[in-house]
Amino acid sequence: MKTLSRVTLYTLMTIMSFVFLFPLVFMVISSLKPDAQLLHDTTSLRAFIPTGSISFKNYSGVFTRIPFFTFLFNSLLVSLITVVLGLFVNSSIAFAIARMKWKGKNFVMAIILATLILPFEVIAIPLLYICAKIPSISFTGGFHLTHGIFNSYQIQILPFIANAISIFLFVQFFKTLPKDLDEAARVDGASWFLIYRKIAMPLAGPAIGTVAILTFLPMWNSYLWPVMTIQDERYRPIMIGLQYFYTNFQTSWGQIMAYLSLLTIPVVILFLSMQRFFVTSIATSGVKG
Amino acid sequence: MNPKRRLSLAVVFATVGLIVPAAGVAQAAPAAITMWTHNGGNAAELADVNLTVKDFNASQSKYKVIVKAFPQASYNDAVAAAAASNNLPCIVDSDAPNIPAWVYAGYLSPLTLPASLTKPFVPAVKGIINGKLYSIGTYNAAVGLFTTKTILAELGLRTPTIANPWTLAEFNDAMSKAKASGKFDYALELGNNNTGEWWPYFYSPFLQSFGGDLINRAGYKTAEGSLNGKAAVAWGNWWQGLFANGLSPKNETADQHNNGFVTGKFAFAWDGAWDGPNFLKKYGTDLAILPPPNLGTHPVIGGGSWEWAITRTCSSSAGANAWLAYAIQTKYLIKFANDLGNMPVTPAAAAASPFFGPGKPFAPLQDFSAQLVTLRPPTPAYPILAKVFENAARAIKDGGDVQNTLDGAVDTINTVLKSNNFYKTKK
Amino acid sequence: MIALTEISKKRKKINFKDNKIGWLFALPAVILLLFFTVLPIALSLTLGFTNAQLLETSNPKFVGTQNFKSLLGMSEFTLHASRNADGSVAKDEHGKPVFPQVRSLTRPDSPYVHLRGMQEIYRFGENDKSGTVHVILARDPTFWRSMTNTLFFALVVVPLQGGLGLLLALLVHQKLKGRNIFRTIYFIPTLTSMVVVSLLWQFLLQQNGMINRAIHLVIPGYINIDWLGNTHTSMYAIIGLSIWQAVGYHMIIWLGGLQTIPEELYEAARTDGANKWQEFRYVTWPGLRHTLVFVLITITIAALGLFTQINVLTQGGPLNSTSTLVYQTFSRGYQEQQIGAASSISFIFFILVLIISLLQRILTRKADQ
């Protein structure tokens, strides 16, 4: 009886694994096929089998067609800086909200939650108008003051550092820490800053993991905002690279599949290498109310 | 550069109210002219653009053109965003129908090229608004109905010509025969898996051939009667029938679009000149390039390709014009046409083309372009016309009520026209 | 006693000082949020009352509630059947009254000014005898369709994705060897960009695609469905791939909740002779209440913001069957370049989500107590 139910469970879990993996298998297998065969194979289950003329030509095509490593570097840089800055900025406001009493706190929290409502696509254009007005100094063609901070890393980072979901998760987490912890410390004369740095943050490992991955993924996948603000190839992130394979209504599907694999695989590897940490950290953070 | 330092420094300057004037070009340093082009990922075309720039920069010392390439798929979005944020460069290339909207919004200044240089260019690649030339293209494109002589013979079809194109009845008959022959999956490959500008460029000529249009071109003040009149409804019914009767797939797959005609699964392909070389490779002299049918009034194809323009904010407009004058030399026009399989834009360039010009394989396409083009409506409202047309044509394809769909499209367009005061009073 | 008052004095002092230090902690985030989120939102909501265009930001005009009237405008009209020469109601061959075309009322030459530019969205109450029918007309049927699609998507996805996530979590919560591998596999789609997911599923779902082939193997007589091209299936196809992508994330969240339930409670339940279902009903489910709140809110907000899949796969079609509010905002603002009109949809969307979130909060708070 026990083994029977165990067999059922494993069967079920394996079937589910197929469900979650088959599109990705299709992607990787397709990246090895020439365009015409790739498209023809999509009409049958051959799409999942590496048959026909298999090669890495699409990958070499990708590397000659676009500056892949520049894009990869840009995306990693932008995503990681945003993650790190976001961890500081969002945890500190969350700490203030969860642990301190101050005037305007509830109002601030209400505003933060309200910012969750509109998805980025909706505010992208107004944000563009605003960013066009940010003064900045340009050193190209002489020293002068200009408007707009386009074509830079900072335009890709600044708007996404403070994030309502991150704040929300940190608040939830900090609320679960026992109150006595900082009250005792306060009585001992410790400053709030010390409590944040020495007590709250060291305990916040799981929340940090969650927020890190939740910040990293959308940054890695960001597309619309860079299209609007980055005109210089040197600063373009990796998702924009995808557009290079559609030219004059002629789409290089093999190279697209290779590129999709290339932009998915690093994230999966990153996740796998930190798998234990992420799965447990997301699992134990915040959501206990 | 440290992003934070750059920003905070800027904030300090801003608050102090210190205004640092843009440093003029004092010494011999050439003035930088930034150019945007849609050729990212398209190595052959970008190489030709870069060549003109390299040669131009070497040919003189006053100006230095700097190329920034964008992937075509997001180029229009990038340019719209840049325009909206006053962030345009000196030289831009643009898909032709966007030019009037940009002129209207005050982003472009007229070109100052000598008329002798631009005179030989085919009209389809010249953006003339209110009598002034705002843009010019270094290559052209055209659409034709591709099939093979064998198919025409097997189906017993007359070979149409520009002077004597297929009528609506003949076209429908050809499609039905192709379908009924049982030799093909479908009769007609239309490329409806594409989105955006493809739709007005490829399909609004059918509407115009029926006698309808995206907007009433007398004044550009209403779409009533043009997009929902009798002719437009006739177009809609015919268009819907292509898919309802299984002559063309309702939702083409990428496989069908890329390989459908060359693998013989489609008898006809309504496709652009750029796919011609592919077809020629497969079918050789058997390839037949037919003119569009006359569906009511006259046979029509769309016109206009990518064109160069110069922005009003350009600080060295003289230099930008100098580059453009340089880039439209015949030797470059030949490269733009030949390296990319594009249509040449002047007779001199055509003479050197392996594909285009009298007696060459794609000569018919050039004739279509010279004789059958109806440009997409040159109005600042074009972006909305294009999107509304795409939405309506999709809805009709998907089985929507023709009259209601077109009425709705007209209402949307007219609401926008009205709320913009018919694009009358501006700059 | 003295010590206690000392402490409470100290506490008062602390609380007093918290005002400054609290704001100090909050300041970086507050400034960034104000500038990069609150200000754009405010601007977006304001632009809804103007005729702003993407390409001419310099002089948008204030137009009051005109955009909202064009979006929300609705009318009811009683349509009278055509009459024969003798004044009797004209009937077709089935004996049904023949009604004049609605467009005769809605075109610019209509005598009914308030109906001009409207479209029929529904008719009811047809009366054969008197030859009348009630017709509901709307100024912007696409908007209303997008609204119902958005709500429908959320209504289906929230329970389905939440529920499937829970089932998966229960599955990989079993003490089985290799469960971490399965957890990881189920989470991988979440790591994949929605753009990537959409491109892949486009091939899988096409009419002669792999999913239809696979169904063929199981059901030989099956006629291929064009999943994304059919008005009856398109939204379900979108729902399917959306859940496929995101369910792993909520599995992990549920798993977190499951791990907080002490093992002793299960043991106690078992000694009381509870079966598996009773264990779930009386131990697991109550222990997951807080997780439920989080899952509910995050899925709801994400579901109401449905956009990327639509933009890549269907552009709202076929026949608006997958159009959503956010897609319409984007399409009208960016592609049609009518920022003012698009922003009025944002405004309505904002209010809608606000109401739904508040309702959810009230309901879940009730459940909490």
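We call the chains A, B and C, going by the order they appear; numbering starts again at 1 in every chain.
Here is the rule we use: contacts are C-beta pairs under 8 Å (C-beta built on N, C-alpha and C of every residue); 3 or more make two chains touch, one makes a residue touch a chain.
Keep in mind it's a predicted model, so treat the numbers as computed, not measured.
Visitor: Please state whether A-B or A-C has more C-beta contact pairs across its interface.
Guide: A-C
Visitor: Farthest chain from chain C, going by the mean of C-alpha atoms per chain?
Guide: B
Visitor: Measuring from the mean C-alpha position of chain A to the mean C-alpha position of chain B, what distance in angstrom results?
Guide: Roughly 36 Å, centre to centre.
Visitor: Nearest whole angstrom, what separates the Cα centre of chain A from the Cα centre of chain C?
Guide: About 22 Å separates the centre of chain A from that of chain C.
Visitor: Where in chain B do residues touch at least two different other chains?
Guide: Touching at least two other chains: 77, 84, 253-254.
Visitor: Tell me, which residues of chain A touch at least two other chains?
Guide: 42-43, 125, 129, 158
Visitor: Which chain C residues sit where two or more other chains touch them?
Guide: 54, 57, 203, 206, 208-209, 334
Visitor: For chain B, which residues count as touching chain A in their complex?
Guide: 3-4, 6-7, 9-11, 13-14, 18-25, 32, 36, 39-43, 45, 68-74, 77-78, 81-82, 84-87, 89, 191, 194, 198, 253-255, 258-259, 272, 274-275
Visitor: Please name which positions on chain A make contact with chain C in the complex.
Guide: 6, 9-10, 12-13, 16-17, 19-21, 23-24, 26-27, 42-45, 47-48, 88-90, 92-93, 95-97, 100-105, 108, 111-119, 121-123, 125-127, 129-130, 158-162, 164-165, 167, 172, 186-187, 192-193, 196, 217, 220-221, 223, 239, 242, 256, 260, 263-264, 267-268, 271-272, 275-276, 279, 282-289
Visitor: Which of the residues in chain B come into contact with chain C in the complex?
Guide: My answer: residues 77, 80, 83-84, 101-102, 105-107, 195-196, 224, 249-251, 253-254, 383-384, 387-388, 390-391, 394-395, 398-400, 403-404, 407-408, 411, 414-416, 419-420, 426.
Visitor: Over in the complex, which chain C residues touch chain A? Could you list them?
Guide: 7, 10-11, 14-15, 18-23, 25-26, 28-30, 32-33, 35-41, 43-44, 47, 54, 57, 168, 171-172, 174, 176, 179-180, 182-197, 199-201, 203-204, 206, 208-210, 213-214, 244, 248, 252-253, 255-257, 259-260, 289-291, 293-294, 298, 301, 305, 307, 326, 329-330, 333-334, 339, 343, 346, 349-350, 353-354, 357, 368
Visitor: If you look only at chain A, which of its residues touch chain B in the complex?
Guide: Result: residues 35-36, 39-40, 42-43, 64-66, 125, 128-129, 131-132, 134-137, 140-145, 147-150, 152-154, 157-158, 227-229, 231-233, 240-241, 243-251, 253 of chain A touch chain B.
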